[in-house]
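Below are the structure tokens for one structure; questions will follow.
Per-chain numbering from 1; labels A, B, C and D assigned in written order.
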């Protein structure tokens, strides 16, 4: 029982990360058909804002010393700000470009962010003790798991609820959902394109920051490539979930997390190294049988 | 005093010219049908007026504003509401949400909430079926219900001009009758100006009002719908014999 | 209707494009040869390899309109074929003991390895493509990415056959320019020949007007599969030559880095243009080289002007964004380089833009 | 093995040594000045520069001042080959290449085919030498398997560890090397058992599933052999401890340094093998003196033990040149291969015609206790790891 619970928690916490990432990508895809490859680098940047720029091996902690009730909003705000800045400076000029062009532009932007961080902070991972109290283990239903894992799951569920009620209950959320489904029609009804897109970027950036906080506390390091892996999985989750479908992205994120964890558990030791090959094989299978994704966003038209 | 005026309007998609040098004016309170065969450029015209497709040349004025190439949301704020072809409801949103999207632009105004609620009641009064299914996802509605929904949705923005693309498309004739009946009633009640695109001129002749006949991106005829009736020029326009 | 003569006339009308591109490549080679600098020579070899990759990518992406993130997997397959077939049997026995006997004893020249690499990659392109080409749009893109990640994961862990993540060395290094030049020119001509072939024309028609093409009886998955296999073959051969240019292979060389570099060059050059594919490489590579020289420092009078380290990559990203802002369809759009005599400015057989 | 070398020698005959300009002695650094590897190459290169400055101050090598040329590999393999060619064209007599075997090899191969000596700054794979690059290639560090073997034997002898768990990050060859050494040593330790094993990937966001497997054991193992490197190492260690696993953690040298310790507050029962101590408590006072010199030259303390091999590299090479009386490749290689337990600041070094690397070395054992690292012991494995075992 305990060990089954343990696996469930492992899957849920890894899935949470992917789900949050997928949500960040799906939000932006929904409103402007942009597959934002810079998302992973925004995640990394959110961790680095806690440190003072220096190429020394020892990190000079800067904002990371704030108490948690200031630190969390600070990081979320930085993520949102960076993401909105990327829309204003770069993506706004690509509104009418084809998806491939936007995708490469976002990749180029990510490249710029990554090398900028590299120049400021060097490639050596910096250690930060982020929210250290979260590293203690707790016991739940016979499973002894790190507090952070519980918090990750709780935070993700909280974020999902918060986001859902934001999207359901506020006018801005309504406009965003309408825009995600049919952007042109929303504009014809007077919905301001720039505001909605900036809102989507702000939310997506804040989600990136949330991932950054979780990853930062979990790994204790700031590392310029730390967002890349989550981003790739999130990207896949977004597609499997049905591009543009927020609920689909979340479900697929959890699904991917579960597949990865279960593979790690059931594969024999010799095959475990090939875990990713099995995971990606599963991805191809899902796509073959449901190319439009698990949940298709109605009215989502895409041509790549 | 004209509410809408088009001059020399040209619309292109890449190398294809969809609308060529079209000009007409529309007075406040008027009802205008634009008819013509497939590919005549009717929908393109509507999309240009709503700001969805910026024209390649020419000029559009609405209520003394030059709206050529302006963003759709700005044009909507001036009082143009377009109902596109194929209806395009927000399928995953409920009926009530669909209706509410368009009130957002008045949100800055004092007493918006109250007025939005009143407007909602008014729409429900016109289309009782919408009220009945107000929390249903719009994607689950039948074609006729969706058509009522998008007309209601357009009305919620409190427009001066409603431009509707093929309201009868895919609907059973008796449903189309219902839709038109409500439209005409609304026009009288709200002093709306109506711009309706239909492929067939039958409906225009039944309802009456002004009619413009387009073909190949150009205006062929402009006049009273009933008077145009069975004229030979109309036959020519539809079946492609005669000049051109 | 005589398709054969018609095709010949298309060929004559459009042959100027590959000829001009080949001339450009020859010009680069001559500059490198005249300079006599070995590092510069190596730089130009690198550029030619990129040309092969990007042209290979173009054959599929440009003609089908489906973005592929997976093509570097074929380069990986080709690169390891070079390792399997050209390293001395003794060394193979140590680094890759799991190879079958006949392969272990094999030692073939580089050009044969490139051909074998191309064939091997083409075979796997056929296998993967048979499954993946039914997909379109972003689902297809992701599926190709999954394919890349799968290949990478297998090659990174199959200790006895690929030596896993470790670099496999001992591949004879080829530092002369000419074979790479010839290969790049061959790739350009192959891409051109494909694009004016019946299959190429059909696939482009399907790209621009999928519904109409399907209605007129074009089997889109099959048309895509053909392009996928041909581009896989070019990538495989390129991957093998790449292995010969630095003398080693690792799975990591053929992964995300190279995927994004090649894709960026293609999109910046103009995704649906062969000239764009080649020019994208030449322009971006020249830019990178210029920035690197600046970074290393140039002497102006008595003072040395140098960019701080790392600025090169940042500048490259910024320039790429800027190019795409001003030319969203890439530098060439969907035009091709042709003789400057007005007519025939269109892509070979490109249907008029209708949308 | 002999035949391999013969084959290798034959295959590299093509290159010529025509580039050595005998009026100058030039050390060429084809290393990463930018990009990911920069953080690893730079400190070792700084240490090498210190040794070069010392030699030049003392009158130079063979009476000539050592000159230095640089080319940036940009942490890119293709660029690495170009950087190698650049420094060779600039007259380098020895080509110093990147710390990591994968990134250094392209430049080393250019040196090999030009008939020049190549020296890896701190690569720890057996391939960074004869077995990979060719007969003129060396590495200044110690083989990764020696680290794994050292830790296993030391923990067994000194800490009475009997049950071991093996956790391998399959990301790099270095990681696998550590575990290979561990695998080699474990069967030689009577009644030591491997109670389980697992793999993960450096970039895995979470290793929760792997941890669950450890926690599923009937009893917590005495020691976990953790074969990984930065940046994933910190994450793995933090997650292990956060899950309440308190076993002794044995590592390779890749996790040396105190810069990351703040990420795992109060880390204890954590052991790392190092060639020299950066913590100011090295048994050899000269190491501490070197640390001071390094700080003076670069403005900061060495951040990991990987600074040191750069110094050792110039040291042994210069000695070989001095003894050979020339920078001629064959003569210098012959002198290097005569070195048997040659004393250096960071332990004795041996090169043979079979192995241009260390398959046995004196390691200091650093224990981290309550977040404070310090040298607690010194250990040399009882016998060198045979080349045959290193090649499997």
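Note that in this section a residue touches a chain if its C-beta (ideal position, glycine included) is under 8 Å from a C-beta of that chain, and two chains touch if they have at least 3 such contacts.
If you're wondering where the values come from, they're calculated on a predicted model, not measured in any experiment.
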Which touching groups survive when chain C is ignored? one piece
Chain centre (avg CA) closest to assembly CA average -> A
Check A-D against C-D and say which one is joined by more contacting C-beta pairs. A-D
Whole-Å gap between the CA centroids of chain C and chain D: 36
What is the distance in Å between the mean C-alpha positions of chain A and chain B? 41
Rounded to the nearest whole Å, what is the centre-to-centre distance of chain B and chain D, using the mean of the C-alpha atoms as each centre? 74
Chain A residues counted as touching two or more neighbouring chains: 118, 273, 276
Multi-partner residues in chain D (2 or more other chains touched) are 34-35, 38, 170
The positions of chain B in contact with two or more other chains are none
Report the residues of chain D in contact with chain C in the complex, numbered from low to high. 3-4, 7-8, 11, 33-35, 38, 71-72, 74, 77-78, 80-83, 85-86, 88-89, 101-102, 105-106, 109-110, 113, 125, 127, 131-133, 170-173, 176, 391
Parts of chain B lying in touch with chain A, wherever the complex brings them together: 50-52, 71-73, 76-77, 81-82, 84, 88, 90-93, 97-98, 100-102, 104-105, 107, 139, 153-154, 157
Would you pull the chain A residues touching chain C in the complex into a rising list? 35, 90, 93-94, 96-101, 103-105, 107-109, 111-112, 115-116, 118-119, 232, 235-236, 239-240, 243, 273-277, 280-281, 283-284, 287-288, 291-293, 302-304
Within their complex, state which residues of chain C touch chain D. 37-39, 41-43, 46, 88, 90-91, 94, 156-157, 164-167, 169-170, 172-173, 175, 245-248, 250, 252-253, 292, 295-296, 309-310, 312-313
If we count contacts the way the header does, which residues on chain A are in touch with chain B in the complex? 171, 174-175, 177-178, 181-182, 184-193, 297-299
